[in-house]
């Protein structure tokens, strides 16, 4: 029934290749099926101005998509002169998600910037960015610890994300673009390695939904995130 | 326990004053406690370009906040030269929410723009914008029907929204600013008049959450939206 | 002869409601007929950079108009990415006008920002902004004096403004939109409570004018400003 | 008493050199003392969109200042990414002033763009721009008439402008920068060749003023504009 | 003598992987040592407006660099709100270079947009963009020919580019970042497959140069481009 | 054969009028035929931030073109809200060129900003900007030396630039607009007073070129620059 022939609760092939960047403190290339996101983490010695003198650190994220990552070419945001509302919404989500897995006292007064750039898009780019972004963050934090800059580990738990939705009337896990563009309900679920919820975003697109459907999607999401967390740990 | 002395499931005083604008096709001033949002609906004869020739209509929303709507003055976005990520995220949410209650075929090839401008903020401005924006939209659509431009009613159902969160370890309904800035979990729930879900957004801020807590917040939200729908219908 | 049926020297109904904002140090809602402007004054502890170390204070103003304050919707300036020339011209005028009534030594090294946001427009919004802006400023300065921050009163005199013009060949006081859009000559007059001139702006729109007509408009303006000053003092 | 040693009613040396541009349809270089403005007029076959089909023409103006036209260097507006409020205010004034001397029916559905670029500034640049801009406009319109495109002359009368102000307590004509920066009252007066008023802008800067002073400045302005109109006609 | 231990006329390892994008009409990933550029070509059915009705086609290019492609993170241009002068200079060069190898009549009224995005930078990114961009262009044009849209081949010849410079007093081929940042003279040479020159850009950075040195660099460049052309043809 | 009737190696009439600005530390108006560029040099006491504490100075340049400097009017960059890629490319070139003739240690920790504004364009504006910009720079540096701020002369040598190209199959010196828009190869050559090369930029526009042609253009350029250097020295 699914365009890809996958079962309702079957995820796409996951691949996380760590340390792909010569320059970044942490990096990986994550692939979820045909979706590919290059994630890098940059350590900055100074925190953002609003945290000066608080002893707390910060993690922030930026998101971008190459113009021809998609089926038809999108105008380059740098040429357009601004980031779209969609881009800003996504990068705010990634930042919030990653911060939820961080002990900001242990991180200390510094900032880690996680850049997630979509090289190729086939649905689920924000979730892949969170899952891959966490790996880049983990690798950068490892450097801080190895260098003795952080005494205790600022990483509290894994953070990963998956999309689920109602496609052709059925709850399905890990939507690709063909499904995403037709789904009546679309959800993104961010969770910790222990299965705690960080962020739930569910939207009706055309059809409304009820609590039973919400519950079914959550069941799928928990299953999906568990696989992603395993993939993260294997990659590291 | 709540700063305002309200009970856990007690909403703030709701007031919806319809037809406050001399010019707009539909309008209201909504007050949720000290939060005040002026909502206007403008009918445009032409749909956005991507819908030309499809027979379908569109509802979109814009959101703004007066510089001194808040406790400390915010820089005017028009002077800054761009809308913040927060603003764009909110206006995209309002638009999606209102479209979920519209029959776009019955609306026909035209666009309704709903402007939600926060005159005073005390938490819950995005939810108040959706609830008040729907009233402005309803009034504008009434004009279309009275004029015989729409044969059948393009409004399928009421749309309203409420925030809930976990404050001091307890699930509470309709957060004001004092609660919102301290809440460990923060959720916005958009529903129809019949209680169907349109959008669920839950975020951990500091603490993560589980499915039981999610369920408790949903219970509160359903109660809250029911009151809002009643207030909408009374105002009309 | 006037569309509203008013006499040539008859003003619209004036209403100034003070202290409408929960947050701002000073505020009012001014109504001139159907024109409504929300004015807030914000006290900032620091002066603008160019006054650092001079002992002098500053008053500045910003002006905005809600998109549907007018008969047809205007594009939101925050979305357009810049303030129009008209907006900038008006806010520069409001700032200059209010500064003319201030003793900047008595104010000391701080800045007061007056925001004038037009909720509904029916002509004369820049004049209403000056008149209402002064009330917000007065209320904010009262707080500075009550707190003992300013020893002597930085407010030298009332400041108020009115428009006059030549409509259908006749000099008329306080133009509404219907008159303003047809007037051959259009003038804005800013004066002090004692009737001294602060700013005179007269423009031919289609027809030129002579000194006799200029004098007639000034006579009307002095009468109008006197009423506004009374309304300001009553409101306080 | 005046820094330049001029008498109270003495203007600076005026020079208007016509046809200085190889490319523009009309042009001149105007010098008012050390102030120098290069004015060009460009004829565009099409009117601005809002006049399509009305049979009416339009005249608009743009104003700029070279970065080192002033005593200290100003940031280039093209590099800053926007025109300042001052620039926009001035170019709106120039456009209104020039339109007041045009018969828009006789001009027909076309637009003339007058560019006024300040090569060197020493006070009075907006007035010099209007006076010189009119010469460029006149020369461009001459081309339209010679080519038989306009049957009757769209130019109704000369348009010229002069500044006056109260300097050291005395009304003075044609302020240079040294006077302008110290003047208590500053006025700009735009008039026709026949002495009719087009625009009057008077501002208190520090001191307020009364109707007697206003009258004295107008007397000076009428004298000054008469000299400018003579200079315009001589240059042509 | 070279930081990398390479001989004076030794290039870095070249690798061109074609067809790396699922969506683009033509694409490749080019590696010049540690420099990696993802190049995609997009076919647009319509030419740019200035070519409408001329029968001619157009090739244009855009260039970008991921924020952490470099040793220290660069601000994202989309967030900064504009493309830097360097970015614009480079993308104009790429476009000119690729157009020099195209028969615009044979291409017909359409546009090909070549996007060059630097995933990792180690010197020579603009040259790698031209060399890889040509491969993406070639692959896209192949599709046009296979589909019968272009009757004759619009590609006239290969286009490739290499940098040379004077490093530590010696002419060297294919500068990496360590050399580029220290070179006294820096040149970029764009040539065709037959060895004809398309663009020569040589800049003194610190030291000036003479015609003998210029000649030596050209000799190296011709050698280098010959290798690149071979690599292009092998990849195809 | 040339549209102007000039011989292949004949330059246009050069005129350099120094000290044309009342305000700038150095200035000139350079004319190359009908091309006219106003060049001013501004001394700033502080270096750009990246040079603080290094003891080194900086020279930078900005370039602009009046809207009607050209045959058809160009949109004003300040109104468009950004500098074009062409403008940025040119001003980067002027800055690099002028810096190549400066001893940055002798200049000390200060910055000189050279503004080149094209009043009228007829080809070769970037070369005229460099040649005239150097004169403005020289005059500003003279002031620094006269004031004893620089002990030794920071100017190492003259810097001048000329364009050459292949027009109608022949190498020609100093292209005017008529030639430039038709030339198959177009080159800009920046050299020192002693004939050393600073920058060479050659571009095929339509036709490619070979090393023999390159050599012929260099011969012409050296001849041209020698005349320009003489004109610079005469003007000083």
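Each chain carries a letter (A, B, C, D, E and F) given by its place in the written order, and its residues are counted from 1.
By definition in this document, contacts are C-beta pairs under 8 Å (C-beta built on N, C-alpha and C of every residue); 3 or more make two chains touch, one makes a residue touch a chain.
Only a predicted model underlies this, so the values are computations on that prediction, with no experimental measurement involved.
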Same-interface partner of A-E, chosen from the options E-F, B-C or C-D, over half of the pairs matching:
B-C
Among the chains, which is located farthest from chain B on the basis of C-alpha centroids?
F
Chain A to chain C: how many Å between their CA centres?
50
Please work out the Cα centroid separation of chain A and chain B, and write it as a whole number of Å.
27
As a quick test, compute the distance in whole Å between the mean CA positions of chain C and chain E.
59
Set of chain A residues in contact with two or more other chains:
81-83
Chain order around the ring, beginning at chain A and proceeding next to chain E:
A, E, F, D, C, B
Sort out for me which residues of chain C touch chain B in the complex.
21-24, 27, 34, 38, 40, 42, 44, 62, 64, 66-71, 73, 76-83, 87, 113, 115, 117, 119-120, 122
Give the list of chain B residues in touch with chain A in this complex.
82-83, 85-86, 88-89, 91-92, 96, 100, 192, 196-205, 208-211, 214, 218
